[in-house]
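Please read through the structure below; I'll follow up with questions.
The letters A, B, C and D name the chains in turn, as written, and every chain counts its residues from 1.
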Amino acid sequence: MQSLLRSILARSFAPLFFLAACVIGSSPSAVLAQTPLSPPHDVQVVDTPSDGGGSLTVIWPPAPYDSKEVRYQVLLSDGKDISDPSTFTVIAEFPANTRYISESKWPWWTRPAAREQHQFTLKNGKGVELKAGTAYHVALAVVSGDQRIFTSVVQAIPEPNWMNWNQINNLFLALLFGGIVFYAINVAKKREIFLRRIPGLDAVDEAIGRSTELGKPILYLTGAHDMSDPSTIAAAVILGRVAKRAAGYETDLLVPHRDPITMAVCQEITKQAYLEAGKPDLFKEDSNFFITTDQFSYTAAVDGIMLRKKPAANFFMGAYFAESLLLTETGASTGAIQIAGTDSDHQLPFFVTTCDYTLIGEELYAASAYLSREPIQVGTLRGQDIGKALILGVLAVGTLLATAGAILDTQWPQVFLDIFKDVK
Amino acid sequence: MIFLRRQMPLLITLITGLVFAAQYYVPHPASEQLLTSVTKWLQIIGGFALILGVSSLFHVHAVKIRRKEAGWGYSFVLYAGMLSTIVIGLWANGKEAVDGTMTAFGWIYNYMMVPLQGTMFAILAFFIASAAYRSFRARSREAAVLLVAAIIVMMGRVPLGEYVLPLSGDVSQWILNVLNASVRRAILIGVSLGTVALSFKIIFGVERSYLGGGKE
Amino acid sequence: MPIETIIGAWVATGLTLFIFSFLYKDNPLFKVAENLYVGVSVGYTIVKTYDTVIVNLIWKPMVDNKEWSLLIPVAIGLLMLTRYVPKAAWLSRYAFAFIVGVGSGLAIPRTISSFILKQVEDTVRPLIMLVPGEGVSFTWNLLNPASSVNTIIILVGVSSVLFYFFFSVEHTGPGKAVARTGILFLMIAFGAAFGYTVMARMSLLIGRLTDLIEFSDASYGRPTLWLLILTIGALVVMSLRSGSNPREEK
Amino acid sequence: MTFAERMLKIDRRIIFLVIGLCTLLPLLYPVGLPIKISPEVRGVYDYIESLPEDSVFLLSLDFDPASKPELQPQSIALLRHAFRKNLRVIGMTLWVSGTGLADQIITQVAKEMGKENGKDYVFLGWSPGGTAVIINMGQDLYGAFPADYNGRATKGLPVLQGITNLRDVNYVISLGAGVPGVEAWYVFGKDKYKFELGGGCTGVMAPGLYPLLRSGQINGLIGGLRGAAEYEGLIGQKGKAVAGMDAQSATHLAIIVLVIICNVFYLSLRKTARQQGQSRT
């Protein structure tokens, strides 16, 4: 209550100070050289909130003489004589028209005083060592020319805190978004959720069709990562679809692997797909095979397969690294239809240029969720969509408010904008 | 027993996940101390994870040699390279250089590993050129846009390009700084939402594929 | 010149040329070099891990400072290795559960603050600037990324690309226009990345060629020259042999 | 098959040959075209320039030999600048296979500038765990690296005097070739420990770091060989990067010409195909 009152007072008096300064003269410092300075009367020293202890914050009201010619000094007692500030150590010195609270990063919900007030944070390091739980004595000095006057000495104790309130917006967003995702998964478990059809899936069917026409095999890669990576899971799901079509058309399928566990999983998926297509007798155990875990050995081997067996359709799904171009370039040279899907954004340019169709980033997950209809996948996708919608909303509203704030030169839009800032 | 095998790992993930997410918001020295200890542990565990990663390679090639599969001779080369590096490395105390003089381990590093790895990636230079020639075609409006952006950036990044077409430097700067930055930002936000969602699913046991093999 | 440097130059040159022979086609020389590469780098990793982890991070702190709490991560690490013992493999889950749990926990708040809040904060900017003394103005300077016109372009880019990756609504009507804008932005970014990457890949080639040029010097005994002749000779011989081989696939 | 069709299906090994020659010839006969300095690179240079003597500068060489041609010139130029400014330099790497290379680079530049190991600089080496190493350094530098690369205890080294964790470091630059790299140094480092961060990276990574540059999360970005060449120009000590730029010019122009030729053939083919299609109907 007290601080609120003080902030209201400071807010209403600040313009007065400014007016006073203007009345005294256009250059306040010229006048100040003659008039004696009065030190800030209301210096507060508090434990810096939301920290681990070992820091104090000094707050004091603006003065009519605030200008770059006048300087403030922050003084800390070394414990010998706590009543005489002139024996204190100078911790910092800065022009009097700096270090306002408005320059600091505090959001509105933790701001310790009004924006016009001065603030300085005493921290450990560079000759200062503040211990939590110990009392310290702090004073301010105002220096102008050869004048140096002191404020009264204030005592404060730094304390460690259990919560960093500056980051409460981060926590709020984390909980909100986490909640949305679990809510969406729950909804997806109960009823069908609409997902738009990914155009790339038509291209997949087309490519399989062409392989059948030409009587050539289909090559399917599941990427560099193991089954713990979402992109590999998506690749395995899409493999199920491709295998089912291939079984229906009685086209050969080749799936070389870089990870033994992924291979085992994909073998199961392929088997299941042939079963569903009603052609279990056509399933070959060795259509999924392991080559090696090494990036370039694997690439050289797959390139060899492309050149020898000349598959009519190549699929690159999952995570890829520098090998992407070596694979797709060789594939393109054999004249195959190539379809890629990856979330490795650094490789996307190469897939986009060398493949006939590319599922870009999250489209890969979406395609897999669309095909599998698995509630967890669909729900997560929906949850992320809601998250994106929220961010789009924040971008729109935020830009409008920020622009309004700039035009009207006011601060109230910050109440909204601060929530979406990283303020620490 | 089933509890120990199935629920217990999920419980560990739940507790550690929640504790270390919450740690971020707690500035108290006790919480900081917890973070210090656990990150130090993670460094050590990271070392074991590396060993786990390379040992699967060890296994795969051992099988190849034992069964005399096609190309087992190459696996033999791999083994010879690995074992001699380990022996020489341990003998040199794992140092490539002592007081500026190269050790035998350093020799292997400088004259085998560096050129081998460097050349592996240098092959890509040729492939990117041939990809540019054969795939960079203005098939559609999108492809044309991609092509023009690529050419401008290529021009703007080399001195000769800027010399021939002085504007290309500024235009490529603008493409990178504004157009590219905005797209990357959107992708970054999207990916981050995905990361956060995945982390939540892992912590609450909805996603458990990291435990290896979906089935028991 | 010291003898080990000269031998080194010959070995490095030979391995470099063996790998480059892949450009002609996949061949045994390439495969030897490539498997050697994998072997050496795995060996290197093992040595470094031993030296750093066992010696510096575990042994020394325990012996010198009596930090016995370090036995906990060692135990967790050993649990991880039970993967190779089929009967006890389930124990490795505890280790993975711990790592993945801590990793996910650490990731959530940090990702939000670094990649969501910071990026949103920088996108949300006033569309007009307030210049002190001059009032509001709209700046057109394209080269200043913070100018008003670029603020608008970034806003449009971010929003349209975010919308493109929106799967809950069909891209029809006005949505189609936005999604198309998004894809155009994406293509520009991919083009720019492709253009930039060309330089990266060429640099690698320049690096290797610089070494080859250096090693063609007489003081090394011109390994580049001799080994180049040798490699090409070997490739010719091999292709002649496989050419006369009737089993060769078409 | 028409001429255009034949040209479009040209054996890629001919293109390989063209690229090989375009790289080789300028390396043998350099021209030395001038290089313009971009604001991204200047950001890093100006910040180091503004640091007072004895400030702490941490350079993390997060790359392996595969990226040596791009990132070695960057590290050499940065180290020369830092040593010239008499900063206290801490070197390290998060990539195991880059350890030997990083040690070589730092030792070589320090020797050239007459700096003493342990007093003016230290190379901490490598430690596993990636992001965990960054957090641990932020909490307690000596816990993350109890010993330096040479096995000396880090506690008590003169160069590390007064440094307990990353909060005491004035400037960190990560030269990243992938993951972990610049982004990890922001998320797990600067986000909490509030040091100033700059980035250097390979050309592949660079476009992805622009959002971080725009939002001020990194205060400068040295991208690929071009960035290294600019930095060499800024410190007035030309090296490998400037020497490589001519070859870059040649290969880039060659690729641009190839792309244009390819499109001319492609469009002419499409035109004839369309005309034929019309005459038939």
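To be clear about the criterion, a contact is a pair of C-beta atoms (placed from the backbone, for glycine too) under 8 Å apart; a residue touches a chain by one contact, two chains touch by 3 or more.
All values derive from a computational prediction rather than experimental measurement.
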Message = Show me the overlap between the contact partners of chain A and those of chain B.
response = C, D
Message = Top contact pair of chains, counted by C-beta pairs?
response = B-C
Ask   = So which chain is farthest from chain C, going by the mean of the CA atoms in each chain?
value = A
Message = So the centre of each chain is just the mean of its C-alpha atoms; given that, what is the distance between chain A and chain C in Å?
response = 21
Task = Compute the distance, rounded to whole Å, between the mean C-alpha positions of chain B and chain D.
result = 16
Request  = Provide the C-alpha centroid distance between chain A and chain D, rounded to the nearest whole angstrom.
outcome  = 23
Between chain B and chain C, centroid-to-centroid distance (C-alpha), Å = 5
Ask   = If you look at chain D, which of its residues touch at least two other chains?
value = 12, 16, 19-20, 23, 66-69, 96-97, 99, 127-128, 135, 151, 191-192, 204, 206-208, 211, 214, 224, 226, 248, 251-252, 255
Request  = Find every residue in chain C that makes contact with two or more other chains and list them.
outcome  = 22-23, 31, 34-35, 37-38, 41, 44-45, 48-49, 52-53, 55, 57, 106, 108-116, 118-123, 145, 154-155, 158-159, 162, 165, 186-187, 189-194, 196-199, 201-202, 204-205, 207-208
Ask   = Which chain B residues touch at least two other chains?
value = 21, 24-25, 32, 40, 42-45, 47, 49-50, 57, 93, 95, 109-110, 113-115, 117-118, 120-121, 123-130, 132, 134, 136, 143, 146-147, 150-151, 154, 157-158, 173, 176-177, 180-181, 184-185, 187-191, 193, 196, 198, 200, 210, 212
Ask   = Which positions of chain B touch chain A when the two form their complex?
value = 21, 24-29, 32, 56-57, 60, 120-121, 123-124, 127-128, 130-132, 134-136, 143, 146, 184, 187, 189-191, 193-194, 196-198, 200-201, 204, 206-207, 209-210, 212-214
Key: chain A partner contacts - residues on chain D that touch it in the complex   = 12, 167-168, 191-192, 204-205, 208
Inquiry  = Under the definition above, what is the set of chain A residues touching chain B in their complex?
reply    = 50-53, 132, 160-164, 167-168, 170-171, 174, 177-178, 181-182, 185, 227-228, 230, 233, 260-261, 264-265, 290, 292-294, 296, 322, 325-326, 328-329, 332-333, 343, 345, 349-350, 352-354, 361-362, 365, 376, 380, 383-384, 387-388, 391
Key: Complex contact set, residues of chain B against chain C   = 4-5, 8-10, 12-25, 37-38, 40-45, 47-52, 54-55, 57-58, 71, 74-75, 77-86, 89-90, 93-95, 102, 105, 107-129, 132, 141-143, 145-154, 157-158, 170, 172-193, 195-196, 198-200, 202-203, 210-212
Query = Which of the residues in chain C come into contact with chain A in the complex?
reply = 22, 26, 30-31, 34-35, 37-38, 108-109, 112-114, 116-118, 120-121, 123-130, 136, 155, 158-159, 162-163, 165-171, 186-187, 190-191, 193-194, 197, 249
